[in-house]
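Here you go, one structure.
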């Protein structure tokens, strides 16, 4: 089956993204596919490249990237949600005259149309939120 | 209710106004999906019904009042908005007190209603 | 009114900001009330004044306050009855001074 | 067991991840249940299996599932009784396939 | 209970384990305040009591198990940890099932207990 | 009276920081003082200088800064909470080999000792959270 995931977490260190990661690994191992993973709301912070992972914690951003590299996942971050929360790429930094960009390479900023497309082109859309 | 449930989407709004970004971001999903010709319905449930009271006024708060954005729903062809009779009673409201036209559902009809949609988004 | 005088109470001001649908939060706050304490309802908590399912604390002698900006934003100005005192931001600061400490229930 | 077969149900898989202390969320989910639906309790929601105040939905013919990693993390492995089926992450994926859609209650 | 309530701080933990950063960040406040010789007590209430169950095991989750950090409380002179009898009953626990030594309070004693502290932090 | 504020919000666009801002303006206008405002948990994102404020929304970061300039407020961001969430200054960026810094000038990163100090040196510590 084709899945799309909508990630919408609002508390850092909540379990929701960890559950989503395990779910993703499991569905790929079972031969299903993922059309897109869409990061919305406060989940856009997952795509920041300025986070420092403490020694005793897991780097969820790196885990998404590793999965994405291995399985060519489409990791899309909602551009409107990201820009207002301070997660921006070079192009947005320039447009809004910000001093730098912090979007982790491997994630892309795009509009909610990508979520609509994800909903259309999947058999199951699963929300992971908190 | 969707006649063609192939791509129909139900958005559930259960948070009160001015609570977080979630009501605004749910609405934005509705507008975006409509632009892709996905039939969208919205169910306001529990405190969510308060989001569309016509007398909200955020002047004293440093927050946007979403009411005009919600009013834009009709232009976007999102004409299926639903509230629950029990919630109207709870807050002593009539549908006239709401800024957008809503159909009403009995609490016991919620489950059947939801069944018709392909996708349900509940932020 | 009691909250307008300037003597410092030895009691606590409880500040709650969630909708009364969060029963457990309200119960937790209610369990922490001493006679003479006050509760200030702010943000979504001002919905207490129109929620027919809301039942007040059973502890004696509790004062209830609503933050004006929040009831106005929600179109509830006419609904707050005599059970609740409506205060503005200055009143919020005054309450914090008059009570010995505040506890935020969020 | 019913969840192990591969026919797609026309029913819904409800996924809930909050502690059962969130009564309103649970009530909202319960109001959305059709006979034949399933509820998967994940993350803090697996506490349903030890919470003496938890009362299950009154709708007939609902299947209850608990996510194994979450009950193990909380030391509840021995507590889950026959009312609940325990599944692992693969079972979670299978459930999503077997039910026609999922609704997340968060 | 603080004998000198001049600077005493009560931390309230009410979230279950693995829920968010709040329990860890509350604990970190306790450790930091202790280093400043502020007397710190911790009240575990509602689902918060589950945070200190000795059988928590986060191996399968990509999360840190805080239990060892909580065990460090005693080294930091935070020896006043409290749980509520009703919460023990609710989850069918005894204080032996908890990883740290806790005193128990009746629900009706909470209000009086809280009154003694100068500051209460409740994240 | 001397106040200290602890800000601990977890949802963006929640009202908690707006309430805290109005409360701060009011108490300063009434002649009280603020020893420190401590941003903890997910509130550290308030101190990011990469956020773009939409035309129809308020810039809370700018409002804190304006108040701070006028009244010499001590706006402290918990360093441990900030670094793990990707809000870092030049020095942390260098230490952790990150590609840039995003701490808004006017906020400073410091440890929880500053919260302890704030608790000791105030008459009232008020928490704004959500």
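Per-chain numbering from 1; labels A, B, C, D, E and F assigned in written order.
By definition in this document, contacts are C-beta pairs under 8 Å (C-beta built on N, C-alpha and C of every residue); 3 or more make two chains touch, one makes a residue touch a chain.
Just so we're clear, the structure is a prediction, and the values are computed from it rather than from any experiment.
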(request) Identify the chains adjacent to both subunit B and subunit D in the sense defined at the top. (result) A, C
(request) Please decide if copies subunit A and subunit F contact each other with the same set of residue positions, more than half shared, or with different positions, and reply same or different. (result) same
(request) Among all other chains, pick the one whose mean CA position is farthest from the mean CA position of subunit F. (result) D
(request) Would you identify the chain whose Cα-based centre sits farthest away from the centre of subunit A? (result) C
(message) Rounded to a whole Å, what is the gap between the Cα centroids of subunit D and subunit F?
(response) 40
(message) Please tell me the distance, in whole Å, between the geometric centres of subunit E and subunit F computed from their C-alpha atoms.
(response) 26
(request) Could you tell me the distance, in whole angstrom, between the mean C-alpha positions of subunit A and subunit F? (result) 27
(request) List, in ascending order, every residue of subunit B touching at least 2 other chains. (result) 18-22, 46, 61, 63, 119, 122-123
(request) Specify, in ascending order, the residues of subunit C that touch 2 or more different other chains. (result) 21, 24, 43-44, 69-70, 101, 104, 106
(message) Among all residues of subunit F, which ones touch two or more of the remaining chains?
(response) 8, 10-12, 15, 41-42, 57, 125, 127, 129-130
(message) Following the definition at the start, I'd like every touching pair of chains, please.
(response) A-B, A-D, A-E, A-F, B-C, B-D, B-F, C-D, C-E, C-F, D-E, E-F
(message) So in the complex, the part of subunit A that touches subunit F is made up of which residues?
(response) 10-12, 41-42, 45, 48-54, 57, 83-88, 92-93, 96, 98-102
(message) Which residues of subunit B touch subunit D once you look at their complex with the stated criterion?
(response) 14, 45-46, 107, 110-112, 114-115, 117-120, 122-123
(request) Write out the stretch or stretches of subunit F touching subunit B in their complex. (result) 11-15, 18, 21, 56-58, 60, 63, 130
(request) Please give the residue numbers of subunit D that touch subunit A in the complex, ascending. (result) 15, 17-18, 42-44, 67, 69-70, 89-90, 92-94, 96-97, 101-102, 104, 106
(message) Looking at the complex, which residues from subunit E come into contact with subunit D?
(response) 16-19, 46-47, 50, 53-61, 63, 89-92
